[in-house]
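The structure appears below as structure tokens.
Note that the chains take the letters A, B, C, D and E in the order they are written out, and that residue 1 is the start of every chain.
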Amino acid sequence: MSQYLYIALMFVGIYGLLSQKNILKMIISLNIMELGLNLFIISTGYIKEAKAPIILFGNEGNYVDPLPQAIVLTAIVIGLGVTAVALMLARNIYKTYGTYEIDEIRGENDD
Amino acid sequence: MINPVLLIAIPLLAAFISVFIQKLSWVLLFGVSIFTAISGFFLQKGMFMIGGWKPPFGINLMIDDYSFIIIIVINLLFFLTLLSGMWELKKNKTILMVILAGINGLVMTGDLFNLFVFLEIITISGYILAASSDKYYSVFKYLVLGTLGSSLYLFGIMVLYGTLGTLNMADISQQFPNVSGSVKIISLTFVFAGLGVEAKLLPFNAWVKGIYGNTTPLTGPLFSTVFATGAIAVFGRIFGQILVPDSTLIFAFIALGLITFIFAETSAMASKKLRELLTFSSIGQAGLIITMFMIGGFYAALIQLINNAFAKTILFSYATKAYKSNGDDTINNMSGLFRKNVMMGFGFTVATLSLIGLPLFFGFYAKINMLQSAFALNMWIPALIILGSIIEGIYYIRLLVKLWNPGEEGQESSELAQSQFVIKNGFSLSLIAVLIGIIFVVSGIIPDFLTENIAKAADSLSDAATYLSTVLGGI
Amino acid sequence: MKKIIAILLTVAVALFVFTNLYSGDSDFKAFGEKSLEETVSKEFVNKTVDPQRVQPETGSANIVTSIVVNYRGFDTMGEVTVLFVSALGVALLGGVLRKKVTFRYKPGFIINQGMKIIVGIILISGIYIFVHGHLTPGGGFPGGAMIGSAFLLMYLSDDKFRTRIAAFKVLEGLAGSLIMIVGLVGLSTGGYFLYNFLPNGEIGQLLSAGIVPVLYVLVGLKVGSEVSNILGDFFIGEVEE
Amino acid sequence: MTINSLIAQGMISSLLVYLLTKLNKKLGAFLTVLFSGYLLFVIFGFQNSAGEVFSLIHFGEFELTFMTSHYAWYFAIVLTLTYFLVSFFNPYWMKKMVNPAAYNMLFMVSMVGTVGVFYAKDFLTLFIFYEIVVWSSLFIIPMGKSRKTPVIYYTISSIGSFAMLYAIFYLYHSVGSFDIQAVSEAMSQAPNTYRFVFFTMIVAGLTKLGIFPFHTWLPAAHGSAPHTFSPVLSGGLVKVGGFIALITATVIPSFKILAGDLQLMGVPFENYLIMLLGAVSIVVGTLMAIKQEDAKKLIAYSTVSNSGYIIIGLMLNDQVGFAGGMMHVFNHAMASGAMFLSFAAIAYRTGTTKMSELGGLIKRMPLTFAAYLIAIISLAGIPPMSGFASKWLIFQGLASNGMMFIALAAFFGSIGSFLYVFRPLSAAFLGQLSPKHKDVKEVPWMMQIPLIIMSFLTIFYGIFPGRILAYISKIQESVGLKGVEIEGTKIIAATGMWDSLVITLVFGGGFMLAAILFFISPKAKPVDQMNTYTSGEFIYDPDHYHYAKNYYATFENNYGNKKRVELFFDAVALRVKEFGEMVKTMFFAKSVSFSIFWIMLFFTLVYFWGDKV
Amino acid sequence: MSYLIGLMLIVIAFLWQVTLEGFQRKVTAKVQRRVGPRWYQTFMDIFKAFSKSSISHGFIYDFGAMMTLGGTMATVVFLPFSGIVAFNGLDNFFVIIYLLAVGSLGMAMSAVGSGNPWASIGVMRALTQMVGYEVPFMIVVFGMIFGYGTSSISALVEVQAGGFLNWHLLRMPLGAIVGFISLMGMLAKKPYDTPIAPAEIASGPLVEYGGKHLGMLMLQHEFAVFIEVGLFVNLFLGGGGIVAYLIKYAAVYLFATIISAVLGRFKIEQVVYHFYKVPLALSLIQAAVVIFTGLGVEIWL
């Protein structure tokens, strides 16, 4: 069932966050995770042999659940916003420290 | 009476307007903040549907006694933060207005997904404000953890949706007890972890050190009071009323809260810089309050939440101002600093003593209530709470003694040894400090004048039936 | 070693999630096996949330749109705000860099001219999408994104384009304010924020579904300008190698 | 006048004092004298009042109430007297203080707080005022020499006070009331609860009294507090701990409730354990006091030792020993107050309390010397001063119970006290006058007043201890013990009696005899102090001819030089800090992956643990 | 009346002990193969001292001398002497021990007040030694007090009436040994004469004294010896009638003299160490035996 794959995809993202030390790769991992999550959300609305919930197409009554679709729309946009900020931060980090590698960043959080 | 939607709509409207009328943004920000701070007191209670769609189908705002008091507190805190961070606003005015709207929405909303949206609004605003400290990596860490947290939260609520077919809090809280254990454990842990990131619970809060530890006079009080109060209040709402965990799982959550409390307090004890110390103290307090929410001591939790929020306003404002003015906040270099600004010193001291929970200050009332409700559960939780309080007291007293009394060790205390530090732009903070200090003292002697509403709030939180009937039975 | 631990841990958590979610006694509706009757969506689909209203409740043919903009319009407002904030944030963060971009390549003639044609088409289809958001798949967000992509194309192909960001700011703020004002008008006329105070009309018509198309157009404009803003801000600080 | 209005007046006038001190330093200080005198006067009026209830305020859903009682009056009068006498010193120290206004205010607050502690009807009130006393005194200490010691003070105090808070709420949880009377009645049915409460609550008393192993704060805080506050700390605030112990063990009658428990030497083993701690602190206090170079630290350690006597006396809970413990509260307050005050006087004139830098001050400050002498005679328990009465009673109490090991400590402490009290006398007052202090004068008359009063009281109650013991026997009867037996000036214990007046008269007679002998003999020729036997060498430097440093070095050689308890506490503090650092590195690491690892681990653990909820 | 008896006791003590002191010097001399002074030499010493001129180092120097003599004489009054008790019931053990300390304190004050460091060192040693011998002694007596339920010395004498088998010397042999060793310490006889140690610290506390001051201190010393030996006789040898008392007294005192005549001197830290090593342990054993088994008090032959 494809829902398994979506959850798995989410965990792939988490694995990326766990193992990656490069800021850009981490952003990508985040995106993978969000993608998996969004797919999972969509999948919760799926109903077998049901159609897209648009009345004009004439599938009276037999629609898939439209709510997850609405929600995923919001989630995607939020993901976009986060990614934009993340990328900008990555650029600033590169500008300040000259690297994208976490291990090479010096001078922050040390007391 | 004011429709609570306005507390979200007006700040947002002002934020949008401020984009193209830049010059007015200063006025807009303060106007909006004063408006929300005042109108918080005149908020209309009850359930408010958005777009006229009744729950669980539409989104609703819920103003019961609980959110009422939180809204008042948060908006007041926001205003105080603005006052103390007046000189740091710069280009952040629009974002601040969005934050105001977001935090109000976060507290009032009656829909789990809507809560996620508001959570994202304030966290993204948080990333941006935090970046004003130029510590981009810390912000990035916050971003990663924050995004992970909200994703976990979203996963949790989508599992719930997949099971119950609804996102409305009231609806879910009604059906949740009947859900099978395996779904419960998934949804609860994921929601817990997701909110735990914002509420600063221990394994989820690695971002806090970098963010709180590098705050400016604006972001310091903002994060530590407004954000923290909002996040913890939501935490209390969700786990106190909506998704009430069962006995096994709640034990894990309580354990985590207590671990956060004690671990963070020990870390604070090991801190040599003022902001870092306060950071860990904030984490510890969050752990404590969440523990109280988890064990059902809503009243105590709320009192401590408010106590902590107002106390941290002064503490963080002072610490960040000291850093801003001198470029350093090592405690050893600040010896005798209060002698130069006695009013702030007074406020700081009273706030600290209240936070520790010494009598004559409001915090003591919180502490005895905490112990009372903790004892209702078992004997170990109060013991651990007391252990943490001892550690907390030690480092705060160390701090206060240092800041009040200039002088080398082994020498009589004298003005000669006073720190070279100064506090710039401290006038508004002095006023706030004295004001809050007096409130702490007065309410420490006669707590009734503050606690009446809090007691109602706690009652409304534990009274799920009324909540359900207000939301689902209304209209 | 670290990676092994990472894999083990991830797999363990994933396994626990799977086993709990799909175990026999789990109430979680397995993939595709749920029924609309068990969710709140059945009322959305049937448009019978509020029996006291004029039927159909929303004139939107696209049920997703009716949810996004009408039933759960508040979410959308929030999501627009998120985008707004992140656009602001990108601008603020980028403001630190303060350096204009120059490309290492020079846009050629074909690109220059081709762009002029394509941008028009993209813009128009974008606008079409959000104007028809209540009828067909799509809506403010995809439409806005398309508008954004049009401007991305313009950025890429024309060095001189970058001067009009201020206009986007105004558009963005204006659209946002209008959304709020529409909501507030609903509050004052219907008593509820974001109340649908316009007539619903007939399903399938362009001018139907009350405030849904109005809001969706505003959202589309806002998203478009925000995306463009974000892109524009990204170009500001591009460091020359 | 009621207790609650007294408390309110005190709190308000402390603010007033703060403002007035800001205006004029001396004025504020005189106000503290005035107010503490007023407080003493008013409290004195409550001498025969018992069982009167005053309600202070509603504190949330709780009510704070006061109740008068004999034991409360006794403690209150001792403390207010100490505060009152010490306050005479205040005006002279205002110029030397870094923050005189705060000093005066906190002085007042702590004074009022102690009254609140003693008159509390319920545990909550008691705890509130106890904590007020702690923090108000806490902020005075760093105005002296050290910024570290207040932290030690707070740490140990808070261990005690939080243990007490825990006990209080445990009681509230199981009894449903904070009221001491109610708890006391309920406990007789629940010895198991009481046993737990006994140990947790008495920790507060032990910490405040400075009983081993919580004694470390005393030398630290007393030694470095402002000179005018050390006497209050030692003579006054330490007694608050004694009060807590009294409440825990006697007002809630441990001897009745725990009668079914294992009895060791006539007392329940719980009491005996506490007495053992008291015994250890006597020994530790004595040994440590002997080797101090700083007079204030020395007196502080002597306080540790004397607190041991107090707790032993109180824990005996009998007719004689208890009376001794109670009387020792007063005696020690006067004696240690006078000792600290004399050294405050010395510090006022010479600027130091280090014994090796002083010497021969008797010629310059005879009154201070006399006050110190009388105080140490009392502290060492030598008749005819009042200190002997309490020690004698405690010894009788121990002897009639056969508590051998505790008696060993008590005897050791008593004899050892000769050593340490004599040292400041010898090093600071006697011996060679240092040229540095050639022009030192006696302290101003206002500072002499408390010294004179304390000396007078010490002598008076040494001759007529029955005056105090009669009141103590009232206390004993009010808590269900047999009152100590007095006949005129005779004090009768089961194992013997003594008559203070006769002893004084005989001693006086002996002294007269000696004086006659002295004066009928040829008159002595006065010579200079430097004109002594010097083995024929010419000595020109009084400083070098003054034996003051390492006075008991030879004796100290017999025991180690490590402050083991301090080291232990330091080690604990270090471990806590290290743990904090570990938490920082573990949970607040630089790498994001680290915290994601923890999150994942949390999930795993939850799923492992609560597989099915 | 009591006061007159007290005065009488003081006179008896003076006459008897000063006489015995002369004998003691004689005995010591004999042991050391010397001739030694005449038996009334000590009387002569004291009277001579009072008649000579002296110097004074200030008020406390004089005051301390008076205090020490007065305090010690006062103590004599309270000590039961062969059944004669000046103040009935007030012959309390603790009173005697602590009243004796008044004398020591006075001497210490006076000596240190002279300003001579030798005196200070001597006083330091005396006090240190006191810590050594008092504690074991008090513990032994503590056991007795518990055993008989009284701390009155005359009562403790009474319980030993009826033959030497009832003496505590036999009933509590360990206690008696401890008592005797402590007595040696109290008397500051060798090996415990460290505080005086003429060759080391020029007679310690007495270094500055001359004339009447010295006379008073000598007197004080004699009274103190009378009390200390008297305590031992009363507590362990059962007191007795006047003759028996005096004989026992002389025996104990001379026995101590003979022992000390052949011994060297401890260092001061050795004194304390010594007292805490053996006598304290013995005294604890003795007290424990009395307290926990009653052996020596209730159970006896």
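Throughout what follows, a contact is a pair of C-beta atoms (placed from the backbone, for glycine too) under 8 Å apart; a residue touches a chain by one contact, two chains touch by 3 or more.
Keep in mind that this is a model prediction, so the values were computed, not measured.
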| item | value |
| --- | --- |
| Given chain A and chain C, the chains that contact each of them | B, D |
| Common touching chains of chain B and chain A | C, D |
| Two chains sharing the most contacts, counting C-beta pairs only | D-E |
| Reference chain D; chain at largest CA-centroid distance | C |
| Chain whose mean Cα position lies farthest from chain A | E |
| Mean-CA-position distance for chain E and chain D (Å) | 35 |
| Rounded Å distance, chain B centre to chain D centre (Cα mean) | 43 |
| Geometric centre distance via CA averages, chain E-chain A, whole Å | 95 |
| Intercentroid distance (Cα basis), chain D paired with chain A, Å | 66 |
| Shared interface positions of chain A, touching two or more other chains | 14, 17-19, 26, 44, 67, 71, 74, 78, 81-82, 85, 89, 92, 102, 105, 108-109 |
| Two or more partner chains touched - positions in chain C | 6, 9-10, 13, 17, 20-21, 29, 34, 39-41, 44, 72, 75, 78-79, 82, 85-86, 89, 93, 96 |
| Sites on chain B at which at least two other chains make contact | 113, 117, 120, 124, 127-128, 131, 134, 140, 144, 148, 161-162, 167, 181-182, 185, 209, 271 |
| Interchain contacts (touch definition) - all pairs | A-B, A-C, A-D, B-C, B-D, C-D, D-E |
| Interfacial residue positions of chain C with respect to chain D in the complex | 5-6, 9-10, 12-13, 16, 20 |
| Touching residues (chain side chain C, partner chain B) in the complex | 17, 19-21, 23, 25-29, 34, 38-41, 43-44, 49-50, 53, 70-75, 77-79, 81-82, 84-86, 88-89, 92-93, 95-96, 169-170, 172-177, 179-181, 183-184, 186-187, 190-196 |
| Chain C contact footprint on chain A (complex, rising order) | 1-4, 7-8, 11-12, 14-15, 18-19, 43-48, 50, 52-56, 61, 63, 65-67, 69-71, 73-74, 76-78, 80-82, 84-85, 87-89, 91-92, 95 |
| Complex interface listing, chain A residues touching chain D | 14, 17-21, 26, 102-103, 105, 108-109 |
| Chain D residues within the chain A interface of the complex | 588, 590-593, 596-597, 600 |
